[in-house]
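The structures come next, written out as structure tokens.
In the two complexes below, subunit A is the common chain; its partner is subunit B in one and subunit C in the other.
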Partner chain A sequence: MNFLFLSWLVLGLGACAAALPWRSSKITAILGGGSAVLGCLSGLIAAGQGLVADTAATFSLPWSMPGGSFSLRLDGLSAFFLLPLFIIGLVGALYGTEYMQKEKARLHWTWYNLLLISMAMVVTAANGLLFLFAWECMSLTSFFLVITEYDLPEVVAAGWTYLLATHLGAACLFAFFLTAGAFCGSLDFASFHLLSRLTGPVISVLFLLLLVGFGSKAGIFPLHVWLPDAHPAAPSHVSALMSGVMVKTAIYGLLRMCSFFPVSPAWWGGLLMTIGITGALFGIAMAAMQRDVKRSLAYSTVENVGIILLALGFWMHSRAAGQHVVAALALAGGLIHLLNHALFKSLLFLGAGSLMHGSGSRDLGRMGGLMRRMPVTGLMIVCGGMAICALPPFNGLVGEWFIYRALVESAATLSGLGGFFPVMLVGFLALVGGLVLIVMTRIIGIALLGVPRSPAAAQAHEAGWPMRSAMIALALLCLAGGLMPIQLLRVAGRAAVLLDPDSAHLFTSQVITPSWLGIMALLLIGALLAAFSFNRWRQGRGTVAAASTWGCGFAFPSSRMSYSAESYSELAQSGILCSCLTPESRDGRTIGFFPMIRSFVFTAPDPVLEKFFKPLFQRLAGYCRRCCRLQSGNLHIYLLYVFSATVLLLFWAGQR
Partner chain B sequence: MDTLLNLLLLLVILLNFFLLGSSRLVSCIRTIAFQGGILSLLPLLAHGFSGHTLFLAGVAFLLKGIAIPYLLFRAIRQVHIRREVEPLIGYVPTLILGTLATAGAFIFSGRLPLIPEHSQSLFVPVGLATLATGFLMLISRRKAITQALGYLIFENGIFIFGMLLTEAMPLMVESGVLLDLLVGVFVMTILMHQINREFSTMNTDNLTSLKE
Partner chain C sequence: MRTTILQLFLHLFLLFGLSPLLSGVIGKTKALFAGRVGPPLLQLYFDIWKLFGKGMVISRTTTWIFRAGPVVGLAVPLLASLLIPFGPVGAPISFSGDLIFFVYLFGLSRFFTACAALDTGSSFEGMGAVREVTFSCLAEPTLFFVFIVLARLSGSFSLDAMFGQTLATSWHTAAPSLLLILVCLFIVTLVENCRIPFDDPNTHLELTMIHEVMVLDHSGPDLGMILYGAAMKFLVLGALVVRLFLPGTTGNMALDILLFIGGLLFMAVVIGVIESVMARLRLLRIPQLLVGVSLLSFFSLILLLR
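And then the complex of A and B:
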């Protein structure tokens, strides 16, 4: 606990120091980034202590707020979420010192440090009011980070969408905490165990409130609409922090609150699974159609949150059915995937930011051939891509392996139609996995391989050492996770003890431990190295004709003849995806022998946002605008309102 | 004593009707001064002679009967206005509304759970009726000066209502209310003068342009 306070102290001091008007932005970056690095190191010690300690560390101070108290609790679940928070906060700060060198980003480091403090407070708060306070601080600081480039209209629009979504979610959370506080008599989490006495529809309504409230932050399927806009708008290390950690704090909230509930009915799990698999399919399908690298990665976050939700829903479902082995596998899969996603998605966002930094654009169609000019960044993106595609030897495999195993195990034990659903989910999950492969090969193939597609890409430069070392650190962590799955399982087991004591003891037993998974990965690395060196040795003997990638058989191919990002995913669009996701394209088809100049426009806006939320809110705005007539601007009318209100109140009081 | 009190209160209601129906500002101000004079007698009649009531009556008479009418007369002299020509709601409709409001006030106060010594007196209904008159004046008139008059009538209603509490209320609070009123009218007359000089109109409709 003391190290957590030390980390908050350092981060807070750094935030204050970075807010001062220093003469050069370099001093601000060193003060803010340096304090963030130091604070995160101290926070990592606190997280490690929390993971090792057997009992939870608690701390409590009275607070003048009614119903509130400044009480904190650092247990296994909190520490499990603090771990990725401080890892990514640290590498993000390192990365940001080089990435953020603009004058207008004055307060960037203040917001960054405050975001880290508030996120750490969200996962350690043990009082409802303190939790909501930290939650709102987290939303506001991340909003300010999203609108760093506030002179661009689309950035500001993305910021507003985000603020609206997060506040609508927070309204549900307020409703939940006030109801729960009224039922338990106190807003302290210590008294929330009384919630387990609730039964019937009340508890289900509370659960739905939680799902909407936390779901709007986590980006679960129909509420994800802010994510694809906000992530490209934010600076890359902020996107990494938001996508890797902030989204997960919502999952933390859901898990923490569910731990107070009675054993959940099976349909909650079913609901989570449905939302999860729909979100996963939708997210990855949308990711395959984006030209913007970071937008594509943001949709991939929607997909991964869907997978995590699927695993957690499956855990709830099998726990309600009493299948403890399956529940343990699903819970382990969900938690490990959550941790892994934080690592590899941050790595990919940092890599994408480095591509932007080097080539000056987020557009895939303006990159190309960057592997040659930015070898380290390119290699790191390939590593992150392998991790996200769940390929060994990286960590992405471990979580998904557990989820697949849970599904297969469940299908084997259940009989009849009950066993059909897990098998169907296996199929859907495999489809998602295939589409992830398309998305990642698309990014790697179009951005890194081939020839430059724009003059800026031809002039691209490699990132400096802070950015490179941040990416390398994350890639090594991804590799370590893949080679040592037992350690990942042990870390997840610390969090699982609080959530499901019946399944948690299985985490250490031989039933589910994947001891051979790491060895397989090592063998695979060995085989790959052997194949590579054999190939080198063979090439060394004869000459191999060099031709440009994506040359399509032309004698003198230019970059305009090669496959574009759209054409690469065309098969997936027209062959696999359902028609409601079809992007808008204005046809550039050429007819005849000497065609005129044609242009081809392709946009893939979010169907949920365009077809549901925008019309809904426009209609609501129309209704609200009618109320504006009440505000006539005429003093006499206002006085009339006051008069009639007074008379009505008098009569109302007289009636009683 | 009580009959005299009730007579005076009924006179206040009659003056209310006169105020609602009259378009000439000079006579309106005179009526208000007269009403203020009557009001200053109320504490003496209701609660007998004592240092407290004497002080209250003296201050109320000085302010409501002399100082405020004087300020208002000066204001209309400065801005050269004699009549309220175009009220938002005509004089006859205002009078009818005023009658309805007065009737409503009497009906309403009959239903209120008052303590026995107040239930027979006319203080509550007259106070409510005067408040409603002030509100009607504020709503129906355009000129800033008639708005000030509406505000004054409104305050008179509060004063009548406050009579019920004279023994309970400390002197300080009452003097504070009276001083408030004086300052309010003072500011309002200065403001009217300035508005008139700047915009050469006293029409409050022009404030509509201030809405968002």
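And then the complex of A and C:
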């Protein structure tokens, strides 16, 4: 606990120091970024202590807020979420010192450090009011980080969407905490165990409130609409922090509150699974159509959150049915995937930021051939891509392996409808897995490989050492997770103890051990090395002749002829995906012998936002505008309002 | 321990020794149907041998990814073969849940083959890469459904046991399901190995093809490794089909191995016949057929779920 306070102190001092008007932005970066690095290191020690300790560390101070107390609790579940928070916070800060060398980013480091503090407070708060306070701080600081480039209209629009979505969610959370507080008599989490006495529809309504409240932050389908706009708008290391960690704090909230509930009915799990798999399919399908590399990654976050939710839902479902082995597998899968996603998605966002930094564009169609100019960034993106595709020997496979195992085991043992749904889910999950491979080979193939598609890409430059080392650290962690899956399971086991004691003891048993995955990853590396040395041996000493790519007889190949991002996803669009997702395109077809100059425009806006939320809010705005008639601007009318309100209040007071 | 080493040795021997033969058998069958003499049975051995001794020319636009494609393409089937039984010879490595690793292992080789193709910057190879990843994406659920059927029948989650001794008794109890998944697995084998009716391995420059177009720019030892890797992949998936088709055991190990090899050659002949009598499907029909196959495998599961 002490290290956590130390970390907050360092981060807070750094935030204040970075807010001062220093003469050079370099000093701000060193003060802010340096304090963030130090604070995160201290926080990592605190997280490590929390993971190792057998008992939870608690801390409490009286607070003048009515109903609130400044009480904190650092147990296995909190520590499990603190771990990725401080890892990503640390590498993000390192990365940011190079990335944010702009005058405009004046208060950047203040917001960054405050975001770290508030996120750490969200996962350690042990009081409802403190939780909400930290939650709001987290939303606001991340809002300010999203609108770093506030002179661009689309950035501001993205910021507003985000603020609106997060506050609508927070409203549900307020409703939940007030109801729960009223029932338990206190807002302290220590008294929330009384919630387990609740039965019937009340508890389900509370659960739905939580789902909407946390879901809007976690980006679960269909409340994800802010995510694909906000992530690209923010600076890349902030996108990494938001996508890798902040989204997960919502999952933390959901899990923490569910741990107070009685054993959940099976339909909660069913609901989570449905939302999860729908979100996964939708997210990855949308990711396949985006030209903007960060937007594509943001949609992939929607997909991964869907997978996590699917696993957690399946855990709830199997726990309700009393299948502890399957429940343990699903819970392990969900938690490990959550941790892994924090690592590899952050790696990919940092990589995408480095590509933007080097080539000056987020547009896949303006990159190309960057692997030659930016070898380290390229290699890191390939590593992240393999991890997110769940390919061995990286960590992504471990989480998915558990999820698949849970589904396959129950599909192979249950009969009737109980076995039907896991089978369906396996099929859909396999489809999602295939689509992820399309998305990642698309990003890698179009952005990194081939020939440069724009003059800027041909002049791209590699990132400096802070950005490179941040990415390398994350890639090594991803590889370590793949080679040592047992450690991942052990870390997840610490969180699982609090969530589901019945299946948590299986985490250390031989029943679900993933030790073979680590051995297989090593064997794979061995086989690759063997094949590589054979290749080198046959190639011999001499240099390899280089020639231009064979153009099938055409002598003047150009970058305009190579496969583009749109053409890469076209087959999946027409062959696999639902037509409701088809992006808007203006046809650039040329007809006749002397065609005019034609252009092809292709946009893939979010269908949920365009077809549901925008009309809904426009209609709401229309209704609200009608209320404007009350504000006629006439002073007499306003005096009448004041008078009538007073009279009504007098009556009301007289009645009591 | 000794049996494991024996199994490992037999696996590697069959894998390295036998895999190029299958393509020769297919070629000979097709030649027979067309009334030609055809290339010799051992043509692929000669090709690979020759390519390993040759020099290389690579494209100027390429990076290390281009060279990694063949390396991964060879290493993946090698490791995958250790997870499955070759007829009566059990898998040297087997653990609960290895079926998931098996599926994702092939994902790895697909990832690198597609990336290596895109690395050349040629639109032909881009086209091949797209088709490869898109069609495999539809074939993957089928593979999982097939494995779930077998896991359900054997009560185990390792490929070795799923394709093990229980298979013979399962044919008595659940023949319809097994027949369906045999068909499905056979079709997955055709898709994954780019055979007719999904892909035509003989055309090099038609815009309708998938695998061959992805490796247009590879040459020398790289191409040799790709050819060898593809042959091994064919053997690995084919071994599953043959095992499903010939589940029993005669009790004599040597005879069993011969039977298994005979089964593989028979499968190659069947593929040769299919390629001789069928045309390649229109590209837009392929996703429909793949979804149909997924549904078929799903149906075979439903038969068991009752």
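One rule holds for everything that comes next: the second predicted complex is superposed on the first by the 622 of 656 C-alpha atoms of A that agree within 3 Å, B and C clash if a C-alpha of one lies under 4 Å from a C-alpha of the other, contacts with A are read in each partner's own complex, and residues count from 1 in each chain.
Going forward, a contact is a pair of C-beta atoms (placed from the backbone, for glycine too) under 8 Å apart; a residue touches a chain by one contact, two chains touch by 3 or more.
The structure displayed is predicted, hence computed values, not measured ones.
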item: Touched partner set for A:E409, first subunit B, second subunit C, both or neither; value: second
item: Contacts of A:L616 with subunit B and subunit C, given as first, second, both or neither; value: neither
item: Subunit A residues touched by each partner, larger count belonging to subunit B or subunit C; value: C
item: Partner chain(s) touched by A:L523 [first = subunit B, second = subunit C, both, neither]; value: second
item: Contacts of A:Q631 with subunit B and subunit C, given as first, second, both or neither; value: first
item: Touched partner set for A:L640, first subunit B, second subunit C, both or neither; value: first
item: Contacts of A:G654 with subunit B and subunit C, given as first, second, both or neither; value: first
item: Subunit A residues contacted in one complex by subunit B, in the other by subunit C; value: none
item: List of subunit A residues in touch with subunit B within their complex; value: 631-636, 639-640, 642-643, 646-647, 650-651, 654
item: Subunit C residues within the subunit A interface of the complex; value: 52-53, 55-63, 65, 67, 70-72, 74-76, 78-79, 93, 95-101, 103-105, 107-108, 110-111, 114-115, 117-127, 129-131, 133-134, 136-138, 140-141, 143-145, 147-148, 151-152, 155, 157, 205, 216-217, 220-222, 224-225, 284, 286-287, 294, 298, 301-302, 305-306
item: Residues on subunit A engaged by subunit C in the complex (per definition of touch); value: 368-369, 371-372, 375, 378, 382, 385-386, 389-392, 397, 400-401, 404-405, 408-409, 411-413, 415-416, 419-420, 423, 426-428, 430-431, 433-435, 437-438, 440-441, 444-446, 448-451, 514, 516-517, 520, 523-524, 527-528, 530-532, 534-535, 538-540, 542, 544-552, 557, 559, 561-563, 567-568, 570-572, 574-576
item: Subunit B residues within the subunit A interface of the complex; value: 88, 104, 108, 111-112, 132, 135-136, 138-140, 142, 204-205, 207-212
